[in-house]
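So that you can tell them apart, the chains are marked A, B, C and D in the order they are listed, and the count of residues begins at 1 in each.
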Amino acid sequence: MSEISIVQMESLIREQLPFAVESGFILESLADGRAVVRAPYRSSFLRPGGTIAGPVMMGLADYAIYAALLSRIGLVELAVTTSFNINFLSRPGEADLIADAGIIKLGKRLAVGEVEIVSADRNNLVAHVTATYSIPPDSA
Amino acid sequence: MSEISIVQMESLIREQLPFAVESGFILESLADGRAVVRAPYRSSFLRPGGTIAGPVMMGLADYAIYAALLSRIGLVELAVTTSFNINFLSRPGEADLIADAGIIKLGKRLAVGEVEIVSADRNNLVAHVTATYSIPPDSA
Amino acid sequence: MSEISIVQMESLIREQLPFAVESGFILESLADGRAVVRAPYRSSFLRPGGTIAGPVMMGLADYAIYAALLSRIGLVELAVTTSFNINFLSRPGEADLIADAGIIKLGKRLAVGEVEIVSADRNNLVAHVTATYSIPPDSA
Amino acid sequence: MSEISIVQMESLIREQLPFAVESGFILESLADGRAVVRAPYRSSFLRPGGTIAGPVMMGLADYAIYAALLSRIGLVELAVTTSFNINFLSRPGEADLIADAGIIKLGKRLAVGEVEIVSADRNNLVAHVTATYSIPPDSA
């Protein structure tokens, strides 16, 4: 179950996360407190040396946690990221990135999410994220 | 003093950080272990509600620390971000963002940097970042 | 499989982590890249208001990841914590804390671990940790 | 100016942070949004290899930020740490540790603090911390 549909989420994203739209991110699944977002491979994501640019992974993870959060609390537009911590673990291949996000705490005022990003060709863990979100008081 | 010039750094960035180029970031100063990078205001940076998109600030901070680091170790192309922690502190205005980065540890294998991002119109602190970089063994 | 035994680990801890010994932490299991450490309940762990003191949870998580790491790389005494990030998620009960740690990246020079801490009476997630360790060059 | 005195803070600490008392931490100064806390050297703080145990530094930093926060908001007993990020930068000497904390954001519901920990003999940066605190609604 999700408090919002994939279509509603994508509509919100077009308004609120233009970076996600420009980057071609696709919301693949959305269930109660979990979301999977895919970043189809673009050569422009890669740096020389083969690393995917950090901001792309950050934008992808941010989208995935935000979707996972809204699947629990519904269309609360003003939930904002308050902190974001990412560990880069290995170089991705020339392949799609897949972000799998879950909400590990949902309080009245604060939510915490966790994301694993894998490279689709090798299925290895490319990055791990934890992030916190502030939920506006009147949305509880 | 810096081990690299602003021109060298900008040339490296065109190759390695296309995100920074597309976003219009400008390296304003580069001294031993410190760098200042400006993000000239674009309405596309803003989300409804007035928040600057997280990935923009992350990309800006990443550029600033990377420049600060190379000002100390020279043109080491393979220094990679291993972790990145950002706290979002207040909403920026419709104004340029300025990232002021410093290296707080430079070890043989690991460097740690810190960035403050301020909104140019109000001079208030918008975000605070700490990030770690891995330095390849043969560059010491 | 583990590169070291629980008895070897406990002996190392007595030398290296006196905090863990004084706090009564018990290493319950140690397998390839995973470790479970229990903190038997003490009233002295609690603050008024019912929160477990942060340093206790940090010490517990640090022990668990360190054990998980050594189960992979063996008795490398000089692996040191380089960064540590903890999110406090909910108040624990008056009960044992259990830390379940895994290594999510093992590179030649850097390892990253993740820990979930639960309160034994409720089985709810009390804290989530990611931490990075530097591995000395000659131990590879 | 501080909303509370050093004597009031120390009294609160005796109740709420027994770890700080047992560790011998001393609150040296407390001004509007800043606090300095000293950890007089104890050989029991050291690990073999010369590293100060992580939990000691975490406990010290937590105390310093908490004091800095209360110097701004007064005796709000239920402000709790929600996240804590520490980077270990260099080994301290056999000397006192000094934590210098400041509040970099004070919102209605969330505060963010930053701490630098130095080793008193060398005056070098040993660790850097950022941490967030949740402020209960009725204390604003």
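Operating definition for what follows: a contact is a pair of C-beta atoms (placed from the backbone, for glycine too) under 8 Å apart; a residue touches a chain by one contact, two chains touch by 3 or more.
As the structure is a prediction and not an experimental result, all values here were calculated from the model.
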Query raised in the report: If you average the Cα atoms per chain, which one ends up farthest from chain B?
Result: C
Query raised in the report: Does A-B or B-C have more contacting C-beta pairs?
Result: A-B
Query raised in the report: Distance-wise, how many Å sit between the C-alpha centres of chain A and chain C, to the nearest whole number?
Result: 28
Query raised in the report: When the centre of a chain is set as the mean of its C-alpha atoms, what distance in Å lies between chain A and chain B?
Result: 22
Query raised in the report: Quick one: chain B and chain C, Cα centre-to-centre, how many Å?
Result: 33
Query raised in the report: Multi-chain contacts in chain B: which residues touch at least two other chains?
Result: 82-83, 85, 87, 132
Report summary line: Interface with chain B, chain A side, in the complex: residues 15-19, 44, 47-49, 51, 53-56, 58-59, 62, 77-78, 80-88
Requested in this report: Flag every residue of chain D that touches chain B in the complex, lowest number first.
Outcome: 85, 87, 89-90, 104-105, 112, 114, 125, 128, 130, 132
Requested in this report: Provide the residue numbers of chain B that touch chain C in the complex, in ascending order.
Outcome: 82-83, 85, 109-110, 132, 134, 137
